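The same chain A turns up in both complexes below, where it pairs with chain B and then with chain C.
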Partner chain A sequence: MAHDREVLRMIWEGQIGICFQADRDEIVGIKPEPFYLMISRLSYLPLVTDKVRKYFSRYISAEHQDGAVWFDFNGTPLRLHYPIGVLYDLLHPEEDSTPWCLTIHFSKFPEDTLVKLNSKELLESHYMSCLKEADVLKHRGLVISAMQKKDHNQLWLGLVNEKFDQFWAVNRRLMEPYGDLESFKNIPLRIYTDDDFTYTQKLISPISVGGQKKSLADLMAELSTPVRKAVGCRTHGIDLHEETQLQWMSEHLSYPDNFLHLSVDYKDV
Partner chain B sequence: MGDLSWKDFLSQAKQFLEMSQKLGDNWMLEQKDSNEPNTYLKYRQKIKCQGGKDNSAELISVEYHVVFSVSYQVPMLFFQAHRSDGSLLDLEAIWRLFMPESKASDLHQILTQMDHPVLFRPFMALHPCRTAEVLKQFGKPSSNQVLTFISLYGPHVQLYLQNAYGLSQDFT
Partner chain C sequence: MAETLESQAALSTSSSTPADKDGSKICILLNATGNVPIIKKRTWTVDPNKTVSWIQKFIHKFLKLDASEQIFLYVNQTFAPAPDQIIKNLYECHGTNGKLVLYYCKNQAWG
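Our next item is the complex of A and B:
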C-alpha cells in the first residue's frame, strides 16, 4: 500500500528546467529567442510542449506548420513516449543547475527511429497500454479490468493536468496488492544499462523463494552474472540504497505508467 | 493457461522453423543474443494494394516478427511495411491497408506503433492483452502455441500459413 505520501508528493513534484531552441534550417526571418520552461519529470514531451510549439511556429515557414513535431538533445532524437525524467536521466546532461537545451523540429520526423505519437489520442493509448501491461505483471490484469472507463480517464486527466490528488485517487488501487495478497505478483520494471534508450525486462517477484520481501540488493544479485556485477541503481535522479524493498519501490517510485525505470551500473568482475 | 514460458516459446519457435524449412517456406530465426526475449521469428513478403499515385497498384514489402512478450508471457506479432521507394508506411497508411473497415477509435486498442522489444525501433504491433485468452480458447491442445498464434493472428495483417503447417504431425 503506497502510504508514504510524502515520498509520493516529492516524486510527483520533480521538475526539470528546459531551454527550447528552434532548428536553424527551419527558421525564416528573425531568429527567435530560446523558450524556457519548467517541466514535470513524470510527464511526456507531447503533453507539455503546446506553448513551445505555438511560440516557435511563428518563426518557421508555412509548409512546416502542420509537420509532426519532435525534439533532439545534441543530435539524439528524444522518444516522445518515454517519461521526460527517464530521458533526462539517461542522457546525463550537466549535473549543475543549467537548463537542459533541446531543439524543436517541425519537419523531417525520424520515422525509422521514433515512434510517432503526434496526437493526444495516440499518447493516451500508449499510456493506457503501459498501465495494462504493468497491471498484468502485478495483478494478472485483474485490477485494471475491474475499473470503469471513467477511472481510466481520471488517471489520464490527472497526469495531463498534473493533479496529484485526482491521479492518486485511482492510482492507489493499482498500487495495492490484489485481495488478501501481501505483495504484487511481479514488479513492473524497465532496466537501463547502456545510457541509450534500450532496456531489459525480466519477471521479478518482490518475494524471495523463502517468502521474504526482496530488497534492491537481491535484485542486483539477480541481474549480475559471473562476469558482470550490478553495483548501483538510480531512478528519478536518486541513487538508491540497496536495502530498499522492491515492493516499496514499486509502490512509491514508479512513474505514472506504473513502471519502475531503473538505471543500473555494472562493473566487470 | 494460454501463456507460455520463454523456454517453451524458444523451443516451439525452433520447431516452427523446422516445419517452415521442410515446407520450403521462408521463415527465419533471428538471435540478437542469448537473453530473453532476444530470439524471434521473421518472415518477409510483398503485398499488392491499391493506393499508389492515382490509386494505381503498389507493391508493399512487409516484414513480420514474432517476438516473445516478457510481461504477457505470450508471442506478439510485430511488422513493418515499406513502399517500393523505401519509405515506411505510417500508422494511418497501415490502418488503411490492413483494417480499412475498422474505426480509428477501436484501432487504438488493437494495432498501434511501438518500440520493438529487441531492436528498439518503431514497429507496428497487434496488442497482446487478449492473446492468452485467444490461445486458450482456439488452440486445441496444440503442442505448438507459436504455430497456433501465427495462424490466428497473422490473417489480420495478411500473413497466411499453408495448410500443410497444421497437418504436419511430426512434431512432438
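Our next item is the complex of A and C:
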C-alpha cells in the first residue's frame, strides 16, 4: 500500500529546468531568445510544450507552422512517449547543473528514429497501454479491468493537469496488492543502461523463493552476470540505497505509467 | 504446407541455420482478430531485438494491405505494446509455453 505520502508528493513535485532554443535552419528573420520553462519530471514533452511551440512558431516560416514538432538534445532526437524525467536522467550530464538545453523543430520529423506519438490523443492511448501492461504484471490485469472509463480518464487528467489528489485517488488502487495478497505478482520495471533508450524488461517478483521481501540488492544480483556486475541504481535523479525493498519501490517510485524506470550502472568483473 | 523461402527469409536473419534451431530466436504466435485476413502460418521465429513496429510492417506487407490501413498488435489480448518495444522484453514478461502470443487486427480491439 503506497502509504508514504511524503515520498509520493516529493516524487510528484520533481521538476526540471529546460532551456528551449530554435532550430537555426527554420528561423526566418530575427533570432529568438531561448525559452526557459520548469517542467514536471513525470510528464511527457508533447503535454507540456504548447507554450514553447506558440512562442517559437512566430519566428519560423509559414510553411513549417503546422509541422510535427519534435525535440533534440545534442543531436539525439527525444522520444516523445518517454517520461521527461527518464529522458533527462539518461542524457543530461550529472555534473551539469545548468538548465537542460533542448532544440525544438517544426519540420523533418525523424520518422525512422522517433515513434510519432506526438498528440494528446496518441499519448493517452500509449499511457493507458502502459497502465494495462503494468497491471497485468502486478495483478494479472484484474484491477484495471474492474475500473470504469471515468477512472481511467481521471488518471489521465490528473497527469495532464498535474493534480496529485485527483491522480492518486485512482492510482492508489493500482498501487495496492490484489485482495488479500501481500505484494504484487511481479514488479513493472524498465531498466536502462548508459544513455541507451532501449530498455530491458524482466519478470521480477518482489518476493524471493524463500518468501522474503526482495531488496534492490537482490534485483542487482539478478541483473548481474559472471562478467558484469550491477553496482548502482538511480531513478528520479536519486541514487537508491540497495536495501530498499522492491515492493516499496514499485508503490512509491513508479512513474505515473506505473513502471519503475531504473538506470543501472555496471562494472566489468 | 511448406512456407516459401521468401517468408522464411523475412523472419530469419542468417541463412545457414534453420530459424527454429537458433537458440536465441523467439517464437511468436500470430492470431488474427476481427475482420482482418488470416495468415495461415501462425508460428514464426523472430530475432529478439526486432520491434513491434517491425512485426506490424511485416504483417501489413504479408497481407498486402492498403497504405491507409493499419495493423494493431496486442499481447495476449490484454494491451497494445509501444511500436518501439522489442520482442525480447515482451517475451520475457508475457511469454507462455515458450511462445509470445500476439493478436493482430485492423481496428483497435482491446483499447
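By our rule, the second predicted complex is superposed on the first by the 267 of 269 C-alpha atoms of A that agree within 3 Å, B and C clash if a C-alpha of one lies under 4 Å from a C-alpha of the other, contacts with A are read in each partner's own complex, and residues count from 1 in each chain.
Just so it is clear, a contact is a pair of C-beta atoms (placed from the backbone, for glycine too) under 8 Å apart; a residue touches a chain by one contact, two chains touch by 3 or more.
This structure is a prediction, so every number in the text was calculated from the model and none was measured.
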Taking chain A as the common reference, can chain B and chain C both be placed on it without clashing, or not? Answer clash or fit. clash
Is A:121 in contact with chain B, with chain C, with both, or with neither (first, second, both, neither)? first
Figure out whether A:230 sits in contact with chain B (first) or chain C (second), or with both, or with neither. neither
Between chain B (first) and chain C (second), which does A:111 come into contact with in this model arrangement: first, second, both, or neither? first
Contacts for A:22 in the overlay, against chain B (first) and chain C (second): which applies, first, second, both or neither? neither
On chain A, the residue positions that both chain B and chain C contact, one per complex: 79, 81, 115, 125-126, 129, 132-133, 136-137, 141, 197-198, 200-203
Which residues of chain B touch chain A in the complex? 35-36, 70-72, 87-88, 90-91, 108-109, 112-115, 117, 120-122, 127, 129
Note: in the complex, chain C contacts chain A through residues 53, 75-76, 78-84, 86, 88-90, 92-94, 111
List of chain A residues in touch with chain B within their complex: 79, 81, 111-116, 121-122, 125-126, 129, 132-133, 136-137, 141, 188, 197-198, 200-203
Chain C-facing residues of chain A, complex: 79, 81, 115, 117, 125-126, 128-130, 132-133, 136-137, 141, 186, 197-203
